[in-house]
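Notes follow the structure.
To keep things simple, chains are lettered A, B, C and D as they appear, and every chain counts its residues starting from 1.
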Amino acid sequence: MTEFELQLGLDYEVADKATLILNIAPARTAAQIVTGESLSLFGAEHSDWYTDRLNANRFLRINAGKGELSIEYACRIALAADFTPIEQLGERSVADLPVDTVRFLLPSRYCQSDRLGEFAQAEFGKLPPGHVRVMAVRDWVRKHVRFQSGFTNPSTSAVDTLVDRRGVCRDFAHLMIGLCRALSIPARFVAGIDYSDGPRDDPMDFHAYVECWLGERWYLFDPTGLCAVTDLIRIGTGRDAADVAFASIFGAVKCAAPRVEMRRVAGTTPVPLPPTHGASTSIHALGDLGQDVEAARPVRLMPGAIAA
Amino acid sequence: MTEFELQLGLDYEVADKATLILNIAPARTAAQIVTGESLSLFGAEHSDWYTDRLNANRFLRINAGKGELSIEYACRIALAADFTPIEQLGERSVADLPVDTVRFLLPSRYCQSDRLGEFAQAEFGKLPPGHVRVMAVRDWVRKHVRFQSGFTNPSTSAVDTLVDRRGVCRDFAHLMIGLCRALSIPARFVAGIDYSDGPRDDPMDFHAYVECWLGERWYLFDPTGLCAVTDLIRIGTGRDAADVAFASIFGAVKCAAPRVEMRRVAGTTPVPLPPTHGASTSIHALGDLGQDVEAARPVRLMPGAIAA
Amino acid sequence: MTEFELQLGLDYEVADKATLILNIAPARTAAQIVTGESLSLFGAEHSDWYTDRLNANRFLRINAGKGELSIEYACRIALAADFTPIEQLGERSVADLPVDTVRFLLPSRYCQSDRLGEFAQAEFGKLPPGHVRVMAVRDWVRKHVRFQSGFTNPSTSAVDTLVDRRGVCRDFAHLMIGLCRALSIPARFVAGIDYSDGPRDDPMDFHAYVECWLGERWYLFDPTGLCAVTDLIRIGTGRDAADVAFASIFGAVKCAAPRVEMRRVAGTTPVPLPPTHGASTSIHALGDLGQDVEAARPVRLMPGAIAA
Amino acid sequence: MTEFELQLGLDYEVADKATLILNIAPARTAAQIVTGESLSLFGAEHSDWYTDRLNANRFLRINAGKGELSIEYACRIALAADFTPIEQLGERSVADLPVDTVRFLLPSRYCQSDRLGEFAQAEFGKLPPGHVRVMAVRDWVRKHVRFQSGFTNPSTSAVDTLVDRRGVCRDFAHLMIGLCRALSIPARFVAGIDYSDGPRDDPMDFHAYVECWLGERWYLFDPTGLCAVTDLIRIGTGRDAADVAFASIFGAVKCAAPRVEMRRVAGTTPVPLPPTHGASTSIHALGDLGQDVEAARPVRLMPGAIAA
């Protein structure tokens, strides 16, 4: 088990008064234990935490008046990745899908699967259902979309990316999700932080992933190929990016760049790399959110308080 | 209290094998009591009912093999409309919204509120918040969109309708929802049946409505102006039409036109018209779905069985 | 040389007053000689013919008052197809393109080539330039788009068809044009009538084609594969369907279905099938419009007059 | 008459080989006399000038191999603005429009007038036709769209701007053009340089304008309200921005920011401000391009040569 400390500082200038809904706290899942967290608010009039009962996302809602608003959030997370190989996994037919996964077959704001059926069936319809087919979708997106910052914008959708073939992790995820849903595979969007230890210049990054329901649980994929799915700290889960916005702001507010720091807690073990036996071995479940919703303890923090 | 009997017949020809997810059974809400229902299936291999735990929609999932599939659904519903005038209602600020309403601020497949903010603020931003503003949005849509069948299609969205200014009830609803969300008013889509007794040629019709959260509950609106909101039998509720498709079909299936009949049960009282005191008097809450979710009894019908 | 007689009857009901701009007369090109034509108008107040000086399209503009408007147009056309094989043809680099072809590199209403560059380069960028590459584009569209009536509408564009993968001849043409332009190959839209003698149920049909500039002239392609390009009577040529609308109507007008008849003139020779030597043999130039514009004689018909 | 000197420097780094088509030379019109110009090319292998025979745009096509490419263009222009008041101008009915203006009724890449008819008729259809109506369209766009840099991108169209209500001069122009065409008023896009003498920080700017055909000629409008239409040096004219791209680049090329200088020639008179008699007095024709096409003398410059 490895432990991480995450520190996040957010600075806003509120013009008059505003409400912010932040999705910054790591999700509490079976594979991701939040062992402690603290929150300090300066300039907030009121705040409450709430957990979305569908997706287990933890939202911090803050009310602020005119002036500066600062948010200091810190937490310690223990990750227990699990490396079940999934090469043999098949799909569940729609008739057998658990009820809570069915909604992830539906089109959503940025994943218009209702328009992608003809293409998805032609391209992937004859592949063996299950892990093989999902990997084919992932690889198709990886091969046909070019990673390019600054080309897309917050209203860019899967349909746009299928046409323009350029975008960032969020766009890759939306297209993969749209295609999976068009194939009747439940698929959802995961926003998180990649904590990889490797020789990257930027050791930490917000990143978007895809989860597909295969067999009996959700499995994680990264269509960009930039991050290992084992290196994810999960923040939010939803139909698409609309459900897990880092910050939804109601009112006139100026933002500074967020201050983020993350470090491995000394003495804890790095998450082991999964055993290598083929191209797909890095694809593993990092937690079954279905369970997590049950397990989620209500957390309500006062500004400055520390939760155990 | 008035009672209605609804009978629905659906006929499909399944090419090989298929799964259908139908949203045909009236919702069970405080204002809409389903006093009995029956289901007969011919050609189905398996079926189950499930209730969406967010929106209280009742879905019938059917698995069928090659050949004919017939579904005969009937129910009896008692309606208890409530006519609280709402002219004085204000909006809740985002800071005070109940957690379960926040998701209805987010953009969805057919209601891209993320693109409508500039227009909505300019057009409605200075109106008094609450009922007055929602009515202004409703009236704007009613005035600026022309009802025209056959112009739009199932992928038409609020953004399209803002441009093209033509559509059917579903399109009117999507545009009104998108605009309300862009104003930070939770808004959702309601699919139902209009049972109006008036001198219309077609006495019954599937219809799309809008619900907005005002004050302490959801209130119902019809941006088309074609149906009285008091004449609604609610079938489904969701973010937009994607959540409440009448029939989602997985597999190659041919459909015949649905057979629908509805009649008032003799001896029961017509729903009284609300007292007339101004243009907005027809806007009333027909039930607080928040309650309904708690109250929803699990219903599981065997083919041919009758539920009490 | 084969001769055809074409008769076209159009019936309108004008509500108040209206102007119609019709693109119904076959173009006068080197390969398509209009040997005679007649026009009878009932209910027209004024009419004039004009020829678009860029594309050589012949437009009939009619002014009509309230009441019935009938148009009877007939012509006799001699076709002189030419069957130069083009397998060896290369592309002209942009630096060497004739000036009048450059505009057909630009994006247009239904052919948004500005968004298709990434895809077109990835899919076709490494193929040998010229005929081989254009055929690859044509075949890609033919293989990946399904012919389906009623799915698309008049505002459907190449970008839509790349996503939805369904449409009619017009949609196939727009997508092929968009992709060619994204590869720096001038491409334009041709509307015409297919007069094929074969065993089709419907012996005549309005149809949309694509022309690409290769080597020294325009060559004709049919991405649907439904019609032989040798069987075309050319009506209009332009950037896309916007330039060659069959009828542009200004004012409130009701239309009946057009009455169309076409027959081969007895004693004339069918257009010979081109020699068969490979998959691409049906691709032939049917006239160099560049020449045609020079050659186009001004034609101005009085209602009822017959032009020689 | 006022004279200006314009100097333009463009620096490119060509990766392998490339063709550039530049639209940088002021148009030669009756109201804008190019009295001299020079061109110096460094790194070009070949170049030619050509004039688009429809729109009188002057394009410079340059072929370059690997390495640096520098373009120094300079010209002297005499402007003879004409200040005919146009308040009384009506529209020409479609039946009476000159043939060459009809194409400016058609939808184009960035001006999808085919989708704007319902809105345009509802909003402007009952206004008196002509100058009054065009001014109403101009004012509507000015009022309802917010000038904001960085929000839109090169594929943004009139339909997008009608929804998003934000953009730059190009977006304002596209929306105004689309609306005018939807009202059967020929409208086109003008790209130019604003040379205003006023106290602006940035004394010169590329800017987009709209021209509408009213009465007997084209009249110029600026829907942004940022520039006086009397202060325009016209570079290009076309259906929309696609026709008048500053630089169309075929091949892999890196661009530096263009170097632009402009100054009034000493001793020449500033263009007088038009007499002020009402809100619309700044709207004047700056030349009838129809004439210009006839008058345009073929200009072909060798690198470094000076044309008289």
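Everything that follows uses one rule, which is that a contact is a pair of C-beta atoms (placed from the backbone, for glycine too) under 8 Å apart; a residue touches a chain by one contact, two chains touch by 3 or more.
All figures in this text were calculated on a predicted structure; none of them were measured in a lab.
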Q: Compare the CA centroid of subunit B with every other chain's and tell me the farthest one.
A: D
Q. Does the subunit C and subunit D pair touch with the same residues on each side or with different residues, judged by whether over half of the numbers are shared?
A. same
Q. What whole-Å value do you get for the distance between subunit A and subunit C if each is reduced to the mean of its CA atoms?
A. 50
Q: For subunit C and subunit D, let me know how many angstrom lie between their CA-based centres, rounded off.
A: 31
Q) Of all residues in subunit A, which are in touch with two or more distinct other chains? A) 115
Q: Under the touch definition given earlier, write down the residues of subunit C that touch subunit D in their complex.
A: 19, 21, 46, 50, 52-54, 59, 61, 63, 93-95, 99-100, 102-103, 105-109, 112, 114-115, 154-155, 184, 242-243, 248, 250
(Q) Under the definition above, what is the set of subunit B residues touching subunit D in their complex? (A) 115-116, 118-119, 122, 144, 146, 159, 162-166
